[in-house]
């Protein structure tokens, strides 16, 4: 649902940079998780106060501060002022209906994207906003409610597997983006299964419900598209950013995420095309069936209406109706009626109505 | 309504730069409001004559001259000649169906945009033209009728909250644009509610009125689009303008407005897509219902027409009809008819018509 | 009508630059009008022979030679050779179905556009080709038949009002283009009125005629578009032309015409969108009405066909039909029939068919 | 028909540059025509063997070698090796379903386009491939079967009229392209006549045949488009080619051909739009007529079904039916029936069904 | 089917560069074929272990290592580490639903495309992923299952026909791409035949099956498009690559493949347009037939319903019905009924329903 227009009215009239939370309050309490590492060392803790994460600004190690819950303007503004983040950026972080974008602010890079997940029980796609602040030795990530998408990254940092511990905050940011995009494939898998189910239903037993579900899926695709298309620009923006914060060696990894994004877009567009095709097919099968129904009606009516008329004629009560007195009149008329029916059927056969 | 073509005929044949008011006369009397400020001082007054605002051209402070009502060519031309504004620009100010645009004239920048507001009672979107002249130490704004959109900016100047008092006329112009774009979100909220209402109506109880309202909303979207798309170019034009009038520090704020504009466009496009989908759904539900109606008709006709024929046969008055004399003829024929009906119903069941 | 393909066959096989008139012969006789002016002097005359306008090539004053009627190849070729115009340009002038374009030939600039006017009686849009040759001290304009669109320009030269007499041939050319584009607004006004009339008709009393007129207007829009889109390139081409023939000060005026052209395009596109929407609405209202008709038929048939059957049963002539002998049989059956009808109506009510 | 995919299988697996003729064999025997000329001299002959045209490679005069029939790989390969043409180019010449393109090979320029002609008897558009090799002092043209499109060029060379004899091979190539594009206008004229005929038929007497012909024309437009769109790139490619083979003075002529190409594209697109509009109109007139048919059926049924029921009631054989014995029962019932009919008709009148 | 989203979930959460096979396991066992050649020498063998192909990295001759089956991560990772291939590239090779792309890695170029083949028995298009690693003296190709598409290239190397043996690995890579694209034409031929068959079926005997097959073909076109559009970028990327690995002389050959790719795209788009046209035609023929069926029903009903009513009237049992006693009443009423029928038929004739 295009809820991004909603609630924004709260902010109309306030000066730019005002920190007002726009959106649903998804997390109960703001949670701050700090992971600090370099190739040798690793430290992980949950901060009780926002001030606990301030010392990490100066360390030489890479620090990942993950803040879950963006409704608390105090937390956001404290982090913002300590890490020297522009007030408009802070406003964007708290306004949870941002269009994915990337902004190179010199001292840091701001990235905002949408994280999707598929809610199994309600069978719907959930969406939350993720903001990343990429500094020279830290990454701050803001989530609306802490899903488990970043767990694999955390695990890789903990175990020290892969390149993650050896490389800088740009690689960490890439890893976070990569895990978000990888999750898109999971969501698309689920939607793809729905599309295929609908397709089978369309052939075996199409009904109103099928139509409704095609429309619902089509609308879900509209919103997916809205999240994914700008993501492409975000990733290619990062790749081409002439910032000292993004090392050249990270380029190939970003290109890889970019390729995945294109693939996601391709798949979304393919599903859209397929759903349009299915809608067309539904409509043409409806008019096909209508045609069939009409044919049955016409055949029945065309055969029996004349016969009923004939029966009606000999049901008239005229005094003088010579046929009525004939010995074989009744049988003759039955044979005549039968003849007409057979003739009609032959005619229908020729017209390919049967 | 595309009224921009209307009334323009008044001007055909006049030399370019002729000051003729094109459009509805929305304000009774031209009202001139002057706000003059710098970080320390603040002065606000309503000018009785247009000449009262002339001295402010020379002051070092930032002056905002807000002129409500553009139908009075004398006022516009006097302001124009004192502030050295090109006659074509003056013509554009008075022709109230301009496409949003931005023109860098060296000494000043001319910006014209559309301000939207939602009229609650009539449930329709109102639109007025706002022109801005951004000079080195003043901003002149021309409105058609003074809505309350700029009130929050005024309030911020009065109270000195935020950056507004500390920065120059470019930041003032940005603030005005920002408040206009913020208002778009309010309008979209209202339209979004309408779209959602229609959607529910479409599922629960679709009728002719629903269809009509979808069409009305679709047309409103056409006109919204026409206002919003060029706005994007206006804002990005201001951002990239290599003018000494726009300070570099204002860039990030303009980029923020730009992002909001993109979001407005996105939302408008999404609503358009949703309305198209709803129209499709309406049409397919109409043909679905037609199909259902046809089925009922066909079932009734297919069962009863043959039965009526049989009844007609035994209503004939032939002298010699052996069945009529049978003791159980009547009951036999009733059973026979019942049998045919049951058979038909089984057939319909198989064809999934029931 | 796309008549540009027509008649072109006359020219197939001729060498390029052959002067053959392609198109309707609209003016009886070629008329040559000369206006010669500078800030102080002004002279206007109608030339009897084409040679009369030759001396003006050398004068320091600005000369406007307006030639009405392009079917006379002798006149065109004489003018062409005296003013050193390329034979391909002359060919374009005489081929009256040119796509609007602009060509910078160094010594002169060639501009060809379409002039539209609305014929009130026949209620149709007329179109003629206007070619402009802009030289260093002259403008030659070729019209198919002399409409009154240029009269206002003539008047302004005569009276010396505005800038026209003070500026060069580039400003004159601009003035001519401006008056042509201004005339587009008049045409669009008329078409806009038609669109609005149709819209009302669509709601109050749609019929076949409405459908036909929507189609006719849609087609008119196709042809308007074809004239207007390339005009945009023509004007922006003139504006960006690095030619000494177009003074820099004329730039802002051309930009103004450009804005008008964009507005015309916007309006045309809006009308197209509206007409498409109206077509959709017409079609859906047709299927809506069909649905309604079907419902009435189905209700009538579903109620009366079973009743007729029952009547038919008791019209059978079986010897032994106990009900027939009952005292209240007839009334019982009437009550039964009435009960069935009421039941049916309740059912229809529930299905929202009534 | 998209036959370009057909027959290509013959070549799959062969090394690139293999000379295999792909396409229909349209000419019986390869014919080679040589025209050699400069401003003073002119010579024309038909070569019996391919070797006869070899000496012309060295002469200072302009030579036009026109080869009709591209199915003979020996002729093509001999010409190719003598004039040093790349084997891939030779392959393209023989594969007669090329997309129009232009390739600057340094020593020569290769151009391949489609030549269209309208076959009057079968009323269909024929298409053949024309390849041009433009060298420094020769043009070699390959046609599939020698149409009469180039005759006018030949005639102009023979008579020495126009610029043709004075200018080089680039102007000759331009003339050939120009005559091909001019021929497109002839084809479009014929198709335009068909479109107009169909349009009249659509209003006066639309039927299945009309529908079929609209579809056939629409498909012809698809294929025309496929030939014409790339042609635009070919001509603009030639114009902008920084090759010494294309003299600067030829630029304006190529620009002229370019304008014609754009006009052809415009016309094709307009016809496509018109045909789409006609299809829409056909469909809406079909559903209009269906609606009308339904109305007639409904009116008849709604009037007579209740009446028949009433007649049926009084046809029942109940012993005790008091009305039957009334003196004026029969006439009363007739009047009653008449009243119902009139009431129904008034109702239909109100609903605008009559 | 858009199966590229499927199975990807296996990889979500793994660090980038993890070698997990994504896709169907099409080949039983990984097969490694080595062809080593220069102009004089030629050697071909099947490697039993992956290590056998390592020595060829250093030789001066051109080596083509063809690996069939990409499910074995050990083989891929060994080859990868010996030939210094980036782990992300290896991941792409094993993830068999890649979008065609080309990546210049400096030391080698990575190309991934889709190879299509038409499965005759099941009448469906099969698709497999082919990856090419182009080094300075080797080409490594990865196939999912070894089709016979590369056989012609192998044969040309063996026999030494053509340029293949004389040129480097870039020409070998070109030859492989060329044979893949050539195969596209074969697939399009088959699909084109299907399209034509469907077209005939549509005219002679359209039914549900036709509709279904149009939809199936349309969907196949969606997927073909998805494979072919990015291929264009791949080939033009190779052509413009400023890599020392691609010699300039190979440019014209790549341009040739590029042209073929464009032709494939053109054909796919044409088929799409044709299929859309066919769908429209199917739908309009369905509504045409519905219209016809409705007419027959209406004619029958409109003639016989009134007649049946009249017969019903004279079947009423009123005591006093004077007509019943008339001598010629019965015949009069028969004549009257006949008259009404004839009148109706004349009316239908006029309305062009017959």
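As written, the chain order gives the labels A, B, C, D and E, with residue 1 at the start of each chain.
Convention: a contact is a pair of C-beta atoms (placed from the backbone, for glycine too) under 8 Å apart; a residue touches a chain by one contact, two chains touch by 3 or more.
The structure presented is a predicted model; accordingly, all values stated were derived computationally and were not measured.
Engineer: How short can a path of touching chains from chain A to chain E be, counted in steps?
Structural biologist: Each step joins two touching chains, and the minimum needed here is 1.
Engineer: Approximately how many whole Å separate the CA-defined centres of chain D and chain E?
Structural biologist: Here chain D and chain E have centroids separated by 26 Å.
Engineer: Would you mind pulling out the distance in Å between where the CA atoms of chain A average out and where those of chain C do?
Structural biologist: That pair's centroid distance is 42 Å.
Engineer: Touching at least two other chains at once: which residues of chain E meet that condition?
Structural biologist: 287, 290, 294, 297, 301, 305, 308, 312, 315-317, 321
Engineer: Taking chains as nodes and touches as edges, what kind of graph is this: line, ring, star, complete or other?
Structural biologist: Here the contact pattern is a ring, one closed loop where every chain has two partners.
Engineer: What does chain B use to touch chain C in their complex?
Structural biologist: 1-2, 4-6, 8-9, 11-17, 86, 88, 92, 97-99, 101, 103, 205, 208, 211-212, 215, 218-219, 222-223, 226, 279, 282-283, 286-287, 289-290, 293-294, 296-297, 300-301, 304-305, 307-308, 311-312, 314-317, 321, 323-330, 333-334
Engineer: If we count contacts the way the header does, which residues on chain C are in touch with chain B in the complex?
Structural biologist: Listed in rising order, the residues of chain C that touch chain B are 151-152, 155-156, 161-164, 175, 178-179, 182-183, 185-186, 188-189, 192, 196, 203, 252-253, 255-256, 259, 262-263, 266-267, 270-271, 273-274, 277, 280-281, 284-285, 287-288, 290-291, 294-295, 297-298, 301-302, 305-306, 308-309, 312-313, 315-321, 352-353.
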